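Just below is one structure, and these are the notes that go with it.
First chain written, first letter: the chains are A, B, C and D, and each begins at residue 1.
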Amino acid sequence: MSDKLPVIEDQPEICRSVDAGERSVWTRVMNRFADHCRARSLFVLHYCTGCGAIELPPTITSRFDMERVGVSPMVTPRQADILLITGYLSIKTLKRVILSYEQMQSPKYVIGFGSCTINGGMYWNSYATVKRLDQYIPADLFIAGCMPRPEAVQQVLLKLMEDIDAGKANGWQDYYNNYDRYLGNQQALFGESWHTPTDVIAEAKHYGYLADGTMGRHTDLLLKRADYALDRVPEDYPERGKNERRLP
Amino acid sequence: MNTVPQIIFPVAIPLIAAFLLPIAGRCHAGFGRIFGRAAVLVTFLASALLAWQVAGAGPASSAMGGFKAPLGIVFYADNLAMAFVLLLNIGVWLFWPSGDEDRSGPYTLLLTLLGGGAGLVLSGDLFNIFVFYEIVAVASYGLAASGGSAAGFGASLRYLLLSALGSSLALMGIALVYAAAGTLNLADLALLAPDVLRGPPGAAAFLLLLIGFGVKAELFPVNSWVPEIYASAPVRVTSLLAGIVSKLALIVILRFLVLVFPMPSAYGLLLTLGILGVLAGELAAYRARDLNSTFAWSSIAQLGVIAIAFSIPGPAGIAAGIALALHHAVVKPAFFFIADKWRGDVKLLSGGARTSPLVAALFVLLSLSIIGIPPLPGFWAKYLLLDAAFSSSPAYWLAAAVVLAGAVVEGAYLFRAAGFFYGGPQKGRGAALFMPGELVPAFVLGAVLLVAMFAIAPLGAYITSMAVQAADVPAIAAQILLGGN
Amino acid sequence: MSLLLRRRFFWEEIDLMSLLDILLLVAALLASGLFVLGRGSFAGWLATVVYGLMLAVLAIAGLALDSGVAFIPSAMSFEILGRNLGWRLDGLGWFFALLTVGAAFFASWYGSGEWGRKQKRMGLQHALLALNVLAMLLLLSSGDLLSLFIGWELVSWAAFAIMTQGGGPAVAAAYRYMIYALAGAMAVFAAIMLVQNVTGGLGFADLQTAISAMSTAQVWVLFILFAAGFGVKMALMPFHLWQAPAYSETPGASSAFLNAVSARMGLFALILVLVKLTGLEALGSLAIPFTFMSAKSALMWVAAITMVVPTFIALMQTDARMLLTWHGIGQGGYMLLGVLVGTSLGTAGGLMHVFNYATYQAALFLAVTAVIHRAGTSDLDELGGLITRMPWTYVTLLMGIIGLAGLPPMNGFVSKWMIYKSLLDGGQPLLLIMAFAATLGTILSVYKLIHNIFLGQLRREHQHLKEAPVSMVLPMLILAGIGFVTGFMPGLALNITDIAQRAIGGDMLPHHLGGVTLATGSLNMLWVVGVLIGAIGAGALIFYLLGNRRYEVHQFDNYAGGHFLSADIRYHFSHEFYPGLARVIGPWYRGSIVRAEQGIGILVNVAGDLWQAVFRVAYTPLYMLLVVVLGLVFTGSWGIVP
Amino acid sequence: MMSYVADFIFMPLIAFVTGLGLVLMARRVRAKIERRVGPPVLQPIYDIVKLYAKKTQISHGIMHDLSIMMLLGGFITAEIFLPVPGFDGLAGEGDLITLIYIMMVPMLGLALGVGSCANPNGSIGISRALTAMLAYDIPFIIAVTGACMAYGTTNLIEIVQIQQAGGPASWGAATMPLLAFGGLLAVHGMMGKEPFEIYIAPAEIATGPMVEMSGKYMGALFIMQCFQLYTIGVIYTTLFLGGGENWPFFLAKVFAVVFISVAVTNVYGRFKTDTMIRWMWKWPTGIALAGLALVMAN
């Protein structure tokens, strides 16, 4: 493991940056309309690694029926709006969570479900679990409790819908704006060679979310691995194509 | 009627030369060889002259010593006979041993073969035919063994035994004919045949003659000597035997069939043996693993095809048979020359096209022609055969089907070999290189084939006229009986 | 074209007698010239130019034929063995000749550039290609049955020669082809000799006389011999086994040529002999006893089975070339089926499918060859993701497969539509369903082709690949373009097939630039394609105007259940692409025809061994006596022996 | 000319709006069967707008984008070739066969787009979807063939006219019930409802073809679903239910066709692809063939 100390800083207040386009009436109306629809159509990716998964079937099915407020489950991060982390995350699963989160399309929201995502919960002293989810990805809302009931899930979804409608749920922008910090925390946990296939910086550049905190000393480390990650094969990489055993 | 005394020259010159040659060879080693060649040349010129006369003035005959038929010895020459005499001459010239051996034996035997062969096709008399047949047979035993190898001697011995047995059967047949008709002159027999030979005795006689002469004509099933002899004899002898001598025997059988035994059972017999020969030859050749025996078997099949053609009554069948025989006489020797280099497994051909591309091309050309691919001459020969077969009874349709199926098998084994030619060489061994001089006869024959391709029309007309002449029984009979005065 | 001919043009001043002669002479000179000059680098370009000139000559000939000239005679004729051999090009032959020379043009162009330079003996390939063209022209312009047979054999052996150029497995495949072709040729040979037996002549008219003079059994024999003989070349089932390996192993450009036109020579001969000369009514009246079927419907069913079974065999192939060649066999079934329906719509559809097939199959094969040229393999399990590296090749392949699958807007759809419609109007629902089913199978199969090569993961070893050079891309794009244009305006292709259809006889199909108008349902591709393009444009507007800008990600930025994808993991789903289908229809691939082929081979081997054994035992004296005794019995002369 | 312009604008638009209704109905019916409330009325619109309003739109290359255009373009074309009350569009310029093949264009477009995503789940999904297409299209084309044989035409307008001439008794469903039933089973497969939705299989291959579709790409797929349900419903209505006399009746029929599928789908599990092929090639195919035999016998 790295000998660097974990970079854990306090989360600054999340605020929404106002771009030039938003000053026009048309754009504002359209954004308002889009937010209205966003709030009423939420696809949830249930990241069910912990015990909290058991609370979700009642939430979806006839007892509570989330679909009546436009919430429905989705199985791939590409289509999902909400990443619902149900319970504790081991270090290994966190990698997958980050991968999945980065593959979701903005605007995207993260809900931490249960105490485990807030402070480690009953696994607070485990060597293998993650204690605070929001150090690694920007969580919009948490549901406290061990474990929360479906009503709580409903409540938090309704709260999130309100926030979205009001244009306030902007954790996803923070990930672009302060990518270096999040990446630093991730690297502290996974080592310097950590990388995901998603090129967050390029994406931020493309869509204009680049901020001072996007790049820094942690993202510099990425470049070293970028060749491998993005298949720009270094010269010394062993060629597998040639001597590989052919499948029968 | 056309009487030409010089009809005796093609027979007499080589036979006399054959007697003189050992003496000449005794005088000087090189002289014998030149003497032999000179004799062949003289025979050829005499034959050509005769052929010219025959072509111009119609069939000719001559009675030896003025004794007329049916008592005397009568020679009869028509275009068909002269064509094969010429072919034999050319063949002997072309396949004259090239090595400068001092032994005069092979030369003597070749000259004997030349004279005997000419006599075989020119004789107008059953007994003479038998005599010349024996002369040819003896010459060919000796020639087959002239390679000097143990295998060659063994094969020749077996050939001798078989041939002798065949000859005795033929003699029995002749005896039967004589007992029934009281004469052995072909013309006489032709006139008497409808009365005395129609029926079981005639059929039995024909059967015995067919089997007897069939040994040389490579007829099924008395051709077991073929693969063995062709594999062990020197290539020039093989070419001569397979390409030309076998056809002479078939021509004789044709004469019997047309003149003496023009009856359905005789035709049927020849047809049956021909079909069986095609089947046996093609299938066995397909399974042969070396080039020599492939061609030996294929030669059996080809002669079967010719036999089928001759078994079709009427001039059309004869024309087809002649065309096939001539074509085979050109193609098969060339094949044997190519095969001579690769005695052994076909796989040794691998890469042959790279070391000797011309030979490979020649092989493909010959193969295409013998399968019967237009516009090569082989196709037209086969065309004549099918034309004749389809205008005959349904039994011949079956024969045609067998010939066509045989052609497919033939294509399969010939192009399997061609595939080895053009395939890459195996590791460590490539195909042998040719010495330039060795294949001259084969290339000459290939050239003949190509020239023939452009002369199909005149050749076809000529062959057809030949066949019409050979099928005209009354004219032949009249010529033999009345000629030679 | 017919509109243009209201005026006199210069080609009417040219002596029409010479057009075919010019064509044959040029082809012969080209073939022989290339054998001599073949090594030169310019040989290919020379050949391309000459093919272009030949196309021009053919175009003039086409205008002449379109203006009502029945055929273009050749001055060349022979009289051999009492038979007249003559050559003349009629509309049907002209149509196939146009395709032949066109395919040769593109193949030669393709082979002249970089691809040809990488080939071992390209000069020989050029020469053999020219030889093939010459042989095909001779076949297509044959004026009687004998010249037809001669042309037939020349085509067979010329194809054999070019097939062996691949070396190794190609030689084995070509050998197999040769045996089939030879057997077929022998059947044809027997058939024409049968005709000659009845009428004493070998002209085309003699065939018609013969059929009316023959007994039913004889006509059946004739029909079977012709259908089987010509069917071998067309790879009609059950004589289809040779085609896929033989065409696949032939080197790329030549293979494209063979694929496009070579097997169609069989169709040409079938149309000529069975449809034009014999007539479908005669075939239809040739009833099979104890069934409802006739020779015509039997052949239609053979065509339908040829359509379906090879298509589903293609579906299971793992090599791109094999996949395409198996489809080639299946597509032949469509053409024959269309022509056999016998209505003007069916005939036009079948003929147009010949044209269409030639365009897209050549394009497809050239595209696959380009892939082989760059990536070194056509194994569908070893490619993937090439779309980013070889986009133009991808476009060609895409247009090609749309044509092959018979979807709008490519031309393959139009001809298939015509065939479907003719089957429907002809009251053949079961055959129509088979045609539909084969098309569905084709869609599955061609998707697998394009997916496994161009879509999905790009392999590391293919990272540095480049697009094929212009000399390769341009010909195949033009071919695909022809496919699109004639799909958009099928009237162009139908004008060409009109000439052939007029030569076959029967009703003509009224058509316009966009397709056909029928009482029972019309097709106007101008509208279909126009609206489709417009709608795709509307889709593009929706795509680009609505929503934020697109952002292109790397191929490993992909959701695979939370798995991290990287270059050293192969995850392209290509092997056994349709496992569910394979589980259902897999057991049907028992290969009964393969077994039959093996069985015949074994039979020949065993029989050969048997005969050899008979001789090798060498009790010949015994055989001799045996035959004497049997012969005596046979000749009925047994009575005299005792 | 103006009528064409109207056709080109309104026919797809009507199809889209009706399709939204069909999607809503499908979701509501399913919710009711599961004793849920179900989504609000505007839910289909919310979903589509939300997807188009995504801030990031990831693409896997030009082909991915083109596939979306082909998808929409193919279906818009199909809508224009469908005869509906008041609009014949271009139904006279192409026919039933053309229509069926036009409907395969978006299918192929989708398949190509999914393939170019380089996602193994997507490829597996497409492999299954195409296999499913082979399975359900065989009975479907038999039904289509039988109907065309019975009507003696493939012209969609005429097919509608023939059925409307004699009232409900001359509807395809009445004159050839077996074909209609076989066709209905095939249509069920075509809609990709349970038990024929293995190509989506969310828990196994993460919605298969849609796995890499996000943002407006997914939005286009939602639009496609609207078109698809509508098109299938209209084709079936045209073939067997007498087509449209007027809009209310017509829509009722279209909704009924989709409703039948949606209503029965919930009670099923999921067939494996091979089970699906066997089932499709056994029951619907057998029924349709029997129907075809009846048609041919008449």
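One rule holds in what follows: contacts are C-beta pairs under 8 Å (C-beta built on N, C-alpha and C of every residue); 3 or more make two chains touch, one makes a residue touch a chain.
On a predicted model such as this, the values are computed, not experimentally measured, just so you know.
The chains in contact with chain A and with chain C alike are D. When chain centres are set by their Cα atoms, the one at the greatest distance from chain D is B. Centroid to centroid, with C-alpha atoms defining each point, chain A and chain D lie 36 Å apart. For the pair chain B and chain C, the distance between mean C-alpha positions equals 45 Å. Centre-to-centre separation between chain B and chain D, using Cα means, comes to 78 Å.
Centre to centre, using the average C-alpha position, chain A and chain B are separated by 95 Å. Each of the following residues of chain A touches two or more other chains: 76, 78, 203, 207. The set of chain D residues touching two or more other chains comprises 53-58, 206, 211-212, 215. In chain B, no position touches at least two other chains.
Working note: touching chain pairs come out as A-C, A-D, B-C, C-D. Of all residues in chain A, those touching chain D in their complex are 33-34, 37-38, 40-41, 61-62, 65, 67-70, 72, 74-76, 78-79, 81, 105-107, 203, 207. Contacts from chain D toward chain A in the complex involve residues 27, 31, 34-40, 42-43, 45-47, 49-51, 53-58, 202-203, 206-207, 210-215, 218. Of all residues in chain C, those touching chain B in their complex are 78-82, 149-150, 153-154, 157, 164, 167-168, 171-172, 175, 178-179, 182-183, 186-187, 189-190, 193-194, 196-197, 604-605, 607-612, 614-615, 618, 620-621, 623-624, 626-628, 631-632, 634-641. Interface residues of chain A facing chain C in the complex, by the touch rule stated above, are 76-78, 95-96, 99-100, 103, 196-199, 203, 206-207, 228-231, 233, 239-242, 247. Against chain D, the residues of chain C that register as touching in their complex are 384-385, 387-388, 391, 394, 398, 402, 405-408, 413, 417, 420-421, 424, 427, 429, 432-433, 436-437, 440-441, 443-444, 447, 450-451, 454-458, 514, 519-524, 527-528, 531-540, 542-543, 546-553, 555, 557-561, 571-574, 577-581, 583-584.
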